[in-house]
Amino acid sequence: MELRKDYFADVRKDGLHEIGQPRPRLDSPGHVTGKTAYFADRILPGMLHLKMVRSPHHHARIRSIDTSEAEKHPGVVKVLTAKDVPHNVYTILILIQIGPEDETVLADGKVRWKGEAVAAVLAETERAAQEAAAKVKVDYEVLPAVFDMEEALKPGAPLVNEYHGQNYYLYDSGECRKVRFGDVDAGFAEADHILEQTYQSSPIEHAPTETTGCVVAPEGNDRFTCYTNTQAMFFTLDNASIILQMPGSKLHFVGGTVGGGFGGKVDVIVEPIAILAAKLTGRPVSFIYSREEEMQISSPRAAEKVVIKDGVMKDGRIVARKVTGYTDAGAYSRHSPYGAQKGAAHYPGPYTIPNVWIDTYCVYTNRTPSSAMRGFGVTIGDFALEVQMDKLARLIGMDPLEFRFINAYRDGDMKAHRQPTEGAALIECMQEASRAANWPVADKYMAMSSYRKGA
Amino acid sequence: MSLALQTFSTVKDANAALQASGTRYLGGGTLVVRAANEGDVSVSSLVRVTEPSLSAVSVSGGKARLGASVTMAAITRHPELAALAPAARAVGGPAIRNMATVGGNLFAPAPYGDFAVALLALNATVAVEDGEMPVETFLAGRDTSRAVVTAVSLSLPEAESFRFLKVSRVKPKGVSVLSIAALLQRTADGTVTSARIAHGCMADRSMRAKAAEKALLGCKLTPEEIAPALAVAGEDITPITDPIASAWYRAEVLPVHLGRLLLS
Amino acid sequence: MAKVPVQFTLNGSEKAEFIESGTTLLHALRDKIGDTSPKGGCHQGTCGACSVIIDGELRLSCLTLAETCDGADIRTTAGLAEGGVLHPLQRAFLDAFATQCGFCTPGMIMAAKALLDRTPNPSREEVVEALSGNICRCTGYEPIIQAVLTAARADSQNAA
Amino acid sequence: MAIRRGRGVAAINYPTGMNLGGDPTQALVHSTPTGNFMVTLSSVDLGQGMKQIMAQICAETIGVPTDRVIIDTADTDTGPHCMGTFASRGTHRAGNAVIQAAKEARQVMLEVAAEELEVNASDLETDGQGNILVKGAPQKSISIFDVALSAHFKRGRSISGRGMFLIPRSYPEKETGAMKPSTCYAHACTVAEVEVDDETGEVTVLSVKNVFEIGRALNPKMVEQQLVGGSWMGISHALYETTEPYYPNRDHGGTDFNQYLMPGPGDLAETEIIVLERPSADGPFGAKGPGEMCANPQIPAVANAVFDAVGVRIDTLPITPERILRALKAQAAG
């Protein structure tokens, strides 16, 4: 790595004692000796193992659940279903007033995606829990399912989630989050060229080497200690408190040492049910996702579809940009309404464009609920924007890097969401990339600066 | 019921125990222990055999006998099995190769089973307690096979007559997009006089490319002369579709990779 | 459930346990013996976090039944430092900033040790091959490869 | 057969912290009797090195070496609230909270030292080695060790501080979308060079040259770790990763690391990392959040490089050999 201190030298301060120093990591000695304690290294005497019975169907009504055979299975201590969960219908962003509650801890009357949790089996060994899980009898009436966002938004599509009432998240601004800046139609009318393109992605997995999980111990004083790899301690504790209808003072969460997160461990999925199980059995409980669960059950990054329509002048200026973004939330909200909204705030990218129109939708389908992942709301948008930039440059016969300089935002430029740009550094990054990659651009671009006098 | 391991000193006793329902043979563990870990509760009992012959390698007169418990790593390290080393090295990473066995690979479903692709091209023989059969016959019937495989025997190829290729997305250890093994006898001027070619991932288990084998006879290994063989390389294939690649992709690139292997 | 006795040497000390038949070595080490340095990242044999060295060979403890290790010599990352002094591989991982979340690290170090035990001066390709069964999601592998190459060089200098 | 080479560029920015703010983090700092400093948090270290960075931030602010700082996180019985580790917020939000708490503790420490040295607290400075000196008269000094002992056992002062950092929540205006999503943005530009096999669609990423502007590299080696790993993940995202390879069809989702594809140690691109620092106005020592954005620019850069190499656009992620081969066949068919 090369630290280029010559850029922004006027605003950088050196001479600090600890900041800017390559100090060794205080946690690494534990890592290399195998002594670092992750949640699953808390192996407690008498610990029960929790295995989920999961829906084999994408969308189905549950006519009945029969747990009697499973409960009789040797080694089984308890089988939990929806009726055991005090506040079974929840949504995690309710803590920041983003509703409605739309997801069940354990399915109640219906499943909306293949893999949804239906019943939780608690047994002395993992093997006994697996065997008993196979004996839980669920009578399903399979319902039509929808997997494609465009299909889901069509009239007459199967309704994925009754708590929403339609297959998209209803923002205060309506069916999508909107940004309106300038006059996009006038911009298109004025443009020398118009290019409309569609970009898509499929879901991807965080794939941390440590799977999601927790170990819960009843403490005997009516409190429960939850050793967890959540990325958000109180967010998880407070949601667990709501789901369990248990004062937060009864809950003690211990974590902070996580085997990789990447956004995959901010959903409150394993902790509430494991605490409930510990409460109802009086025993320590371990609920750790299998690798298969981590890959296919834990929330992925959402699939997205992004339609970009640009108006560009022959001289390289983008004069209008219209973006319609679709985020495939799967069957439940989790963090997706937030992510789609973050996309609206991010477009039209780090470029100054006078006329902008943005709509971002959060769409429900019968898929694994998606949620946060590294770059949430932005990563796929950046893929779409930057491929579009390449296409626009080639369309007008301009070097792709020079084309970006022409449109790059600088200090003081007004963004589409009506905040003036501060602290811009895109131009300097491109100048350095030009040098490092031996990709020359005209001198006038190398002489540019993100600074503007008076800004 | 929990999982239980039974250890026997003879194949005969193990075969008897394997008749019980829910019982599976434990080789290197890479298939069956994984299945148990993943919640396959149909397996309740594992059987293993400690008979030393199962782990023995013998080479004489150009023939090799590989005990069924011989690992991929043992093959890669054996000085007289150099011809088989590329195929053995194609299996898993180092830890898996220290565990995965010759016998187990015969049961590995596509996209696994790269070593079996080599064995098929080499026309190996599979031994069980009461007899031997060609690997092709064994593979066809493996789903109902309940007898312990004891060994695999084969004629070791001349180095220049045997070629093996595994194509994977992830390097150096990814699982197969496809694998190809080819045993070609050629005259001094390079004309192919016999050809045995096996594919992996072109069905649920490794299979012969009989049309391509036939089309290669009498050819020299030039782009022009192998073209007819490449054109029929995909005959009778039903490639698997999995997260690595679709059947369409596998079928499309099979002749490309076969061509590269033949011209290499 | 039937319990069976199993005895082996773990990092040089004798261990004897009664375990349930069919228990993996990973569970035996972690749950019974208390060596939690091998990690359960997949229990499928696809991540390498549980790698240990058994009788000199790198193996996956998640796919190895403990009963099959009777009499074996088992080595884990927990036993690598001697007398509080880090093994050259551990030192190199620290110095190269080759750990982030650390979950893959014990398995990586075992895979690297298995390589260096047989090939004290490996090429980069040999290091890449040796680590190929171990997944790291944080580092992009390069710092780990560099750490192993550095450890090999340090070791050969010490030997010289 | 032809191996065709191409290169592509992408430039991006990325917001630091939760979109629209409203995401608080607290920190508490106190001294032990011998002048070691305990930082109490509920923030989570995912492996990115949050604990180490908070230690360095506290050490710099108090004026002690980093090894005099202890991090106690994340225990909800002791640590005050943190919204969580996500949205590139850890360093920025928790770092600011730690600075605030450490400043308050430092002020008490200087007041006690002033009493011991019989000077004004405003005339004191720290040397970063564990000593407090009188400005302009460095021979007149006291160790932080002695100051802490004095505070505890003589003067009855708690050398401690509280920190809370909150960007007030912004609510988007319904019709125009006027809002304040973030207070500081990191930047990046990546040039990727690839080879594409035009008979199989296989892509090899030869090199990526990444320039990242991250405000301030608080620990350059740790920044490098994260940027190198992120660059790898970006390439992985571009070419390999999917839980649903045939999306929107739900079949054939991978369930293990053999089926869920990521570049192996034999697939690594030559990776160059260049860091620029334009300190942000509200970042701890100017730092922005580099954790997420470092994995973004490689994706479009690789996509553009593939086009440059073989002239087909793959606008659907991941850019698999199959998608490229299908596009090449369509191109050949005219």
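A, B, C and D are the chain letters, set down in written order, and residue numbers restart from 1 in every chain.
Here is the rule we go by: contacts are C-beta pairs under 8 Å (C-beta built on N, C-alpha and C of every residue); 3 or more make two chains touch, one makes a residue touch a chain.
What you see is a predicted model; the values in this text were computed from it and never measured.
Chain A has the C-alpha centroid lying closest to the overall centroid of all protein C-alpha atoms shown.
Most remote from chain A, judged by the distance between CA-atom centroids, is B.
Chain centres here are Cα means. That of chain B falls 29 Å from that of chain C.
One inter-chain figure worth recording: chain A and chain C are separated by 33 Å, centre to centre, where each centre is the mean of the chain's CA atoms. The distance from the centre of chain A to the centre of chain B, each centre being the mean of the chain's C-alpha atoms, comes to 42 Å.
Our note on geometry: chain A versus chain D, Cα centroid distance of 17 Å, whole angstroms. Within chain B, contacts with two or more other chains are made by residues 2-3, 36, 38, 172-173. Taken residue by residue, chain A touches two or more other chains at 25, 27, 125, 127, 207, 258-260, 262, 290-292, whereas all remaining positions touch fewer. The set of chain D residues touching two or more other chains comprises 46-47, 49, 221-222, 224, 228, 230, 233, 242, 245, 253-254, 256-260, 262, 264-266. Under the stated contact rule, the graph of chain-to-chain touches is complete, every pair of chains being in contact. The touching residues of chain C, counted against chain D in their complex, run 42, 44, 46-47, 97, 100-103, 125, 127-129, 131-132, 135, 137-145. Residues 2-5, 7, 26, 28-30, 33-34, 36-38, 46, 48, 73, 92-96, 98-99, 172-173 of chain B are the ones touching chain C in the complex. On the side of chain C, the complex with chain B involves touching residues 1-2, 4, 20-22, 24, 43-45, 48, 51, 57-60, 62-65, 67-68, 111, 114-115, 128-130, 132-134.
Interface residues of chain D, counted against chain A in their complex, comprise 7-15, 19-20, 22, 42-47, 49, 51-52, 55-57, 59-60, 63, 65-66, 71, 73-77, 79, 81-87, 128-129, 169, 172, 174-182, 184-185, 187-191, 209, 211-213, 215-224, 227-228, 230, 233, 237-238, 241-245, 247-250, 253-257, 259-260, 262, 272-281, 285-286, 291-293, 295-297, 299-301, 303-304, 307, 313, 315-318.
Chain contact summary for the complex, chain B toward chain A: residues 1-3, 36, 38-39, 41.
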